[in-house]
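To keep things simple, chains are lettered A, B, C and D as they appear, and every chain counts its residues starting from 1.
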Amino acid sequence: MDLLEYQAKELFQTVGIPIPPSQRIERPKDIKSLTIPYPIALKSQVYIGGRGRMGGIRFVENTIDAIAAAQSIFNLPIMGEYPKVLLAEAKYEVEQEFYLAVILNRSIRRPVLLGSVKGGMNVQQHVDQMQHVVVEQDFSPYYARRLTIKMGLSGDLIEAVSSIVEKMYHLFATKDLDLVEINPLGISSDGKLIALDGKVSVNDDALPRQTAFAGLIGDSDGDEHNPQQTGCPITLDPDGQIGILCNGAGLTMTTIDLICAAGGKPVSFLNLGSETQAGVSASLLKERLAQGLEQLAQIKKVRVLLVHLVTGLLPDDEMAEVIAGFIRRRSREPRGISEIRPDTLITHTVRIPQMVVRLVGRSHNLENTGNEKAVNAYLAAAQVIVVESLDDAVAQTVAQARKWAK
Amino acid sequence: MDLLEYQAKELFQTVGIPIPPSQRIERPKDIKSLTIPYPIALKSQVYIGGRGRMGGIRFVENTIDAIAAAQSIFNLPIMGEYPKVLLAEAKYEVEQEFYLAVILNRSIRRPVLLGSVKGGMNVQQHVDQMQHVVVEQDFSPYYARRLTIKMGLSGDLIEAVSSIVEKMYHLFATKDLDLVEINPLGISSDGKLIALDGKVSVNDDALPRQTAFAGLIGDSDGDEHNPQQTGCPITLDPDGQIGILCNGAGLTMTTIDLICAAGGKPVSFLNLGSETQAGVSASLLKERLAQGLEQLAQIKKVRVLLVHLVTGLLPDDEMAEVIAGFIRRRSREPRGISEIRPDTLITHTVRIPQMVVRLVGRSHNLENTGNEKAVNAYLAAAQVIVVESLDDAVAQTVAQARKWAK
Amino acid sequence: MIFSPHNRVLVQGICEPLGAVYAPIMQAYGTDLVAGVSAGHGSSDFYGIPVFDLVDQAIDQVGAIDTTVIFVSPYAVLDAALEAIAAGIHQVIIVTEGVPPLDMVRLLRQAEATETLVVGPNSAGIIIPGQLLLGVHPTSFYTPGPVGIISRNGTLTYEVAMQLSQAGLGQSIGVCIGGDAIIGSSFPQWLQILEEDEHTEAIVLIGEIGGDSEEAAAHYIAEAIDKPVVAYIAGKNAPKGRRIGHAGAIIDAQILELGPDTGTAASKINALRRARIPVAERPSQIPTLVEKALRKLVKQA
Amino acid sequence: MIFSPHNRVLVQGICEPLGAVYAPIMQAYGTDLVAGVSAGHGSSDFYGIPVFDLVDQAIDQVGAIDTTVIFVSPYAVLDAALEAIAAGIHQVIIVTEGVPPLDMVRLLRQAEATETLVVGPNSAGIIIPGQLLLGVHPTSFYTPGPVGIISRNGTLTYEVAMQLSQAGLGQSIGVCIGGDAIIGSSFPQWLQILEEDEHTEAIVLIGEIGGDSEEAAAHYIAEAIDKPVVAYIAGKNAPKGRRIGHAGAIIDAQILELGPDTGTAASKINALRRARIPVAERPSQIPTLVEKALRKLVKQA
């Protein structure tokens, strides 16, 4: 989960990283009650980077200009995202701008400190200046000093910048962050340091134990910045007709890839989750399957629904049973025209997408129970296309989608 | 620095260790504004243990009894210490009382978890029940579970008690504690746990970095519970006549031991500190010596003052110079009877204790500068007994003290 | 092979939902499951498997343990693994998904210091068909044979195993190294193990987007692996920056957009192709490519 | 002897008050002080000693370093020592007083893992008279000779050294293991080192109240030390529960008042006497007892 700039800076303040005096602006008229002195910077609070280049930051000298600037920033989308809040901040004159970050490197499986004396907007132009230090063992301040030395700092700046890096690392380690970044760290002519902009990303898997962020999760823009949320279909191609219901990340991605390769257009997909989740069980998987079918069926653009499940938790017939149950429930709606109020008539009309089903359950091919035959017969009667192989599933799905596209 | 019970419990609360509802009582009339329901326990907040056996804890059923009990507890010294505040606490019915603690073991240089199912007042009678687990590496909850298993716990109590120990360890490690103890940890009939009494001791050397305790330091009874404070003479034998000014813990203790062994009675001593303190320097040592002389001279009972310094930081003559300076300043006061107001006459009267001085400075015996001879001549003229050996210093000091005692 | 039916195996979290399902299945498959651990459930018995409160107690009662399979909840994984390592267990398989990355950093530091093999987290574990199950692979999909499977995912691996089995290509082992972002054992480590394993003749490597495991594997294969390797990469059409399931299967918006474009399917496929490793277009191509590689081996011999 | 004039020595905190005083003294005494470290003072020069910002930089420039002497402020000691250990230095002498105990726990765990010798904190360090000074011992009090001194304190040790020197008994080494509560090297460790040191004929052990170092030393001497040992214990009349100076020199009010009465002077003297170690009543008795022990040795030989 990403934090907005002002949230990141509030976090900086808790550990003593200096930030400029600032105020949150929720609507343009809040400008009138500013207590920080002009000139100020007004900054769009969006999750996307590079807002400076897109007009998301304005410097103003007085209230009239500030209100006008606030209005225009509130109405300026940054890569499609409108800010819900602005940050008004005292404008700082700095001599130098550094870049500092702590990230977790997946390959070496250790935190890494990053730093450059060429920070600010042009950090990418000076990639060769970026220095890094791997935190091999438990962190100790000498790792931060090593970074400052690599950055080429000397004298008092060594301890001053190290101390900021130490505080960043402390946040990183105690708050389960994926990233903490200060860019730029401003250095004034008298050697004072100040975090002018900051970026913080909290690890999604650790969010539940980082109770301090509980309030912020509600603030954020839903799953856009909290990709952990499962159980909601994700949109792929708004012009597509195919829905995909699958289980497991690798299998889901493979299914999408095969549909695309065959010329199909997946509009939406839902991953029921892997079989390594703590608490997962046969009955939970059945529940999720039933819910997933409902969720994808409710997406109007889904004309063809591919249900593709490979699992060691359930036998084929139990999965088929859940699908049959879904069709039965859907077929019974609406029960009678008299039960439907006029305004719900349209949404409650029976609509089941064409279903293509491939189920590979526990002991597949080994146990052909009588139940399985019965369920499959029911599915066949309900026009569900039941296929054996993945390639067939893809071919049938794309063929059915072509019918709709015509 | 020890915390009072209510301070320890406030700390427990910050990490989620359950404590009974309670209120601080600063004077008996505070009882009237109690919001916790009767029956309650009223507990003397003193630094000394065993107050229960001495009447420092009373259980009361109503306001009238509570006020009377509060008055009597405020007036009841526990081993000489009067409480400045009481703790009023909801009375809890518990079925079992456990003992839990985390301490640092000096010999093995590791934290140790302690636990017993025989807690409460009688823990000492059941010493054989006390279990311990050494925290060899970074703490992880399995250390706490090991303790609970050794204590003989089973079922849900394993996780419940482990979780309390985890929280205690977290306090221990993050707050630089020497000791955190819960005794008793009450276990109710429905398996709920509650810390009924607690003891927390913060490491003196770590106090300056534990800013959360900054407020409490002022609260406590001065150096009685914060033995780190240096720079104040410590009283030994109130009937003694000898003051000892020395440098270094080992040398100070040795000097005291020798004086005592020779039949002398040290009333007070001051250790100027060791030569391994960060920031110590020749000039700082001279300053401390000058201050120390003033401090000990101001203690009226000090009739003989033994100044015993062994140091690699200063040559003999510079130490002697400081002592000579002290005598010169003292000799000049009072400058004239007209300058002294009647009420200050007595305290400002010249009073220098008989001084016995042994100085072993840097390059002792090697450099006999002209200055040294001059300073020593001055000290001799001022009736200061300058000796060469430690045994002589002790003998002379005790002999001089005997003169005064007569 | 470091894993065999002689391994004496522990299940940590045997009373957790997945542990309770899979412990009896592991045992029925022939795994020497000597004990289970679940704090608070000690002195009980689960399908004939003795259950203890502590790993130490289990070892005291049943003797030395080689391998532990961990099913506890994500925030309890670090502690369970450290407890096992402290008790002298040197093979740790973590099934549980979603262990916080910094917990894994601490665990892997300790594993390195104690020479402990950590597989996972978010791993289906290890199966040696017909012999041993250390995890949650559906056993009926696998048949004994010469193909070693190394993968980062679960259900896709089951699918590939089934397709190989259906094509008459049995498996020497199935290993899931885990779908979380920070995991223990790596592709190169397992490539080396299978290179040395006499029962493995060909290797199937199933990768996915995110990280640089496949790129590292490609380099390692080019330099150190003589046995034929066939690869498959999932996620060509995955939406950028979105988590599909695995914490590891995400193409990070690069810090500062610096550095080369790693993590995408294209980057991985290119790296593999540069190392002359055949990359299957779809899972059903894998058996064909493996057969071809094996035929080539026979010809060479 | 693990310490010799061939040791290449670093001073960490060379620009701190004590470091600045003692670095030139150490160098003048013959110590091979090859570099100093003080962050922010790199590229400077102090009495001809090159100063660096980092230990790594120092080693890059001047080559391998055997020993570091640390003078930084108490809360910076852990970091300085870890930096030295990470740079491959295996002998760490900590002069600074008042290092928080939990910092020492962490440092000593790392020292154990890397087989690093830590002396101190709150230590005057080590002197080999006429050869080497690693710390703050006043050099003029010491003369070369056969007596090894091991102590927990500073100025008292200087006094004893001077009395020995005045009695014509030179010293093979003076070691202060440190006055803080949690310290690195122990009495038994140094007893063993001096037992093996060919220049040491007799050992003077200077203890004080607090902890159980002297009790442990007494047991160790009885079991493993053949050379004569003379002891002295300070603090017979120290007020209970009060800190006189050393964090270590305090008789703890025992947790729960459990366990035997350790930490008092009486307990220590009893343990030493039980181990048949002569305990001096006062410092001036030490030279007499040492002479007696040495005469006995000569007779035996």
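Here are some notes:
Criterion: contacts are C-beta pairs under 8 Å (C-beta built on N, C-alpha and C of every residue); 3 or more make two chains touch, one makes a residue touch a chain.
Worth saying up front: this structure is predicted, and the values here are computed from it rather than measured.
Separation of chain C from chain D in touch steps, taking the shortest path, is 2.
Taken together, chain A and chain D share no touching chain. Between chain A and chain C the centroid-to-centroid distance comes to 26 Å (mean Cα coordinates, whole Å). Separation between the centroids of chain A and chain B, computed from CA atoms only, is 54 Å.
Listed for chain C are no residues, as none touches two or more other chains.
Touching of two or more other chains is recorded for residues 137 of chain A. Viewed as a contact network, the protein chains form a single closed ring in which every chain touches exactly two others. Chains touching one another form the pairs A-C, A-D, B-C, B-D.
Chain D makes touch with chain B in their complex at residues 16-18, 21, 71-75, 95-102, 104-105, 108-109, 120-124, 136-141, 151-159, 162, 179-182, 206, 208-209, 211-212, 216, 234-239, 241-250, 255-258, 281-284. Of all residues in chain A, those touching chain D in their complex are 136-138, 140-142, 145-146, 149, 154-156, 158-159, 162. Listing the residues of chain B that touch chain D in their complex gives 99, 101, 103-104, 106-107, 109-111, 114, 123-124, 127, 130, 137, 173, 176, 178-179, 181, 203-206, 209, 227-228, 230, 234, 236, 247-254, 256-258, 260-261, 266, 271, 273-282, 284, 310-313, 360, 362-366, 389-391.
Here chain C touches chain B in the complex through residues 39-40, 42-43, 53-57, 76, 78-80, 82-83, 86, 106, 110, going by the rule given at the top.
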